[in-house]
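For reference, the structures are reproduced in the following blocks.
Paired with chain B in one complex and with chain C in the other, chain A is shared by the two complexes that follow.
And now, the complex of A and B:
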């Protein structure tokens, strides 16, 4: 595998972001997690604009964890831009949200989301879910550009 | 936690040995999933569009486990076609293949595969991977809502 796994975490709720980062840190895979708190910053990072113009500050993520209800630009809009971009659409995007709305789910799948996870309210279950998610995406699933030595 | 809706799965796999192994692995778990198996891309198209020997009213699968290397229409061509179809594109497609090639991985994601798993060669590993697939895709991941 090449270097460290890069994860872009787009989450406006600090408590959730902290929990997600802490649980993912436990997975036995070298990784860097970049946390941004709104949809606008996520797109700046991905399209290397503003403070992320320098490629060194915006390494391409291997996985994007995306909340739906976000300040500035909504998660579904961020997803749409990613999946419409020739350069970015190969990056797996996992929606992590409290929304169980069927409309949100249908829209996300319509925009080719890789998977849609609903955050459990229960703290322990939330922990378990993030741990399962990390294990699946960081250990078992193959992503582009991560295969060879 | 929440209710788990049983999922309808379509396995597109030409190797009878792998078909059997995947079937057994999925059955060993506790979810009442419904599994359909077809042996080629063409047959999978027939299944989805109710043609040929699949002209009977078969359900639209929630997920597809897709091999890449198959005689005739390969997995990528099949994926390309269904992701261009408004009705089919929401179906989650997880690639399950023996190929580890960077090109296959990248092509699959560019064609909007949901995930990509390399089939392990060793039997114990194979079963373990199937368990992981099930834990992730069939338990924690939400399915798109069913249309009426």
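And now, the complex of A and C:
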């Protein structure tokens, strides 16, 4: 049983990653946030390849926040690989994007995404959404193998 | 007496035969003209069918072109709306954090918030001007000119001279270039974009080089022009993607483009009926 709550944040826009991390930290829901900037690195982390071979460097996340348009490997492709993996498909994946496109939403749900969120431009809403998201998935939501803190 | 009758009968028969022959001739003639008419009509019909088929093919082609254009437009609108919203989220977000940090008198955080806002505004501006540049590519067409390709290369090198000098890139050119029939301004733009691209993505190369030349591949008589470099290069699986609007293989820490350059290159070349 592990105690630390780990979030894997896959976000190519540095400023957005900083915003999300600050809001999550302020909401005090996640102890560890791993930020990776492209789809290739996200898959390396999840499948423990390359610089993430060492398990200590790539603790299994309790939640994956995934942007859609990513360099190297697209977010939908990352999602597909996660959901096709026996090992990883149980981890909740939340798409966090600026895309309101119906096609993107349909594709994401078709690949078994657990939730799809559109980043609001308004910061009050953004703040609310990110902390709600953290509370919902990491506090209220129960997963096997994780003690309630 | 009977001889007389036979003779008369013979004459009568001969006359009938002549009549028959004449009738046959008329019949033959009219059959012939009917045949000719039929043949003509048939030719007309054939031509008509060919024309119709051609028109149908033309229609098919135009439909396909229209579909492709529509798809392109959809992709364009999608990219632009997605990419333009992103800096807005950043600005609003850091304005929100800024208010909080000012309230808590966190001077260092205030400064970093302001920097993020400034960066996002600059990015927004660049995205907008690149979008405008990109939208101009297909619309503004200059009449094609017959020019030696070498002139175009020289023009492009003149335009990028400052950048070449500051980056210390060594340029090597082919000894001669064939003449081409092109929209001069646009092709120079293509070359400028490619040269700048090479310089921006040179990586940690100690003696950076750009090689501009052409080759003639095997049986094809068309020369293939190239701008090559010894920089970081692009992985095989990224080759298609780099031509997408605003796409970048890797986010860099240093100031550079928005990812519009190669999209413009592709567009210009396509307008010229070529490929990259």
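In the analysis below, the second predicted complex is superposed on the first by the 141 of 149 C-alpha atoms of A that agree within 3 Å, B and C clash if a C-alpha of one lies under 4 Å from a C-alpha of the other, contacts with A are read in each partner's own complex, and residues count from 1 in each chain.
Simple rule for what comes next: a contact is a pair of C-beta atoms (placed from the backbone, for glycine too) under 8 Å apart; a residue touches a chain by one contact, two chains touch by 3 or more.
Keep in mind the model is a prediction, meaning the values are calculated, not measured.
Colleague: When the two structures are superposed on chain A, do chain B and chain C clash or fit side by side?
Modeller: Overlaying the two structures gives chain B and chain C room side by side.
Colleague: Now for A:16: first (chain B), second (chain C), both, or neither, which partner does it touch?
Modeller: Second partner only.
Colleague: Could you figure out whether chain B or chain C reaches more residues of chain A?
Modeller: With both complexes superposed on chain A, more residues of chain A are touched by B.
Colleague: Output check: A:69 vs chain B and chain C. Expected answer is one of first, second, both, neither. What do you get?
Modeller: The answer is second: A:69 touches chain C but not chain B.
Colleague: In the superposed arrangement, does A:90 touch chain B (first), chain C (second), both or neither?
Modeller: A:90 sits against chain B, while chain C stays out of touch.
Colleague: Between chain B (first) and chain C (second), which, if any, makes contact with A:144: first, second, both or neither?
Modeller: first
Colleague: With the two structures placed on a shared chain A, what shortest C-alpha distance in Å links chain B and chain C?
Modeller: Checking C-alpha atoms only, chain B sits 14 Å from chain C at its nearest point.
Colleague: Where on chain A do the contacts from chain B and from chain C line up?
Modeller: Residues 100, 120, 122 of chain A touch both chain B and chain C.
Colleague: Which residues of chain A touch chain B in their complex?
Modeller: Its residues touching chain B are 83, 89-92, 100, 102, 105-106, 109-110, 112, 114-118, 120, 122, 125, 129, 132-133, 135-136, 139-145, 147-148.
Colleague: What part of chain C is in contact with chain A in the complex they form?
Modeller: The touching residues are 78, 81-82, 85-86, 88-90, 92-97, 116, 119-120, 238, 247-251.
Colleague: Applying the document's contact rule, which stretches of chain B touch chain A when the two form their complex?
Modeller: Per the stated touch rule, the residues are 1-2, 83, 89-90, 92, 100, 102, 105-106, 109-110, 112, 114-118, 129, 132-133, 135-137, 140-145.
Colleague: If we count contacts the way the header does, which residues on chain A are in touch with chain C in the complex?
Modeller: 12-16, 18-19, 22, 37-38, 69, 71-72, 97-101, 119-124, 126-127
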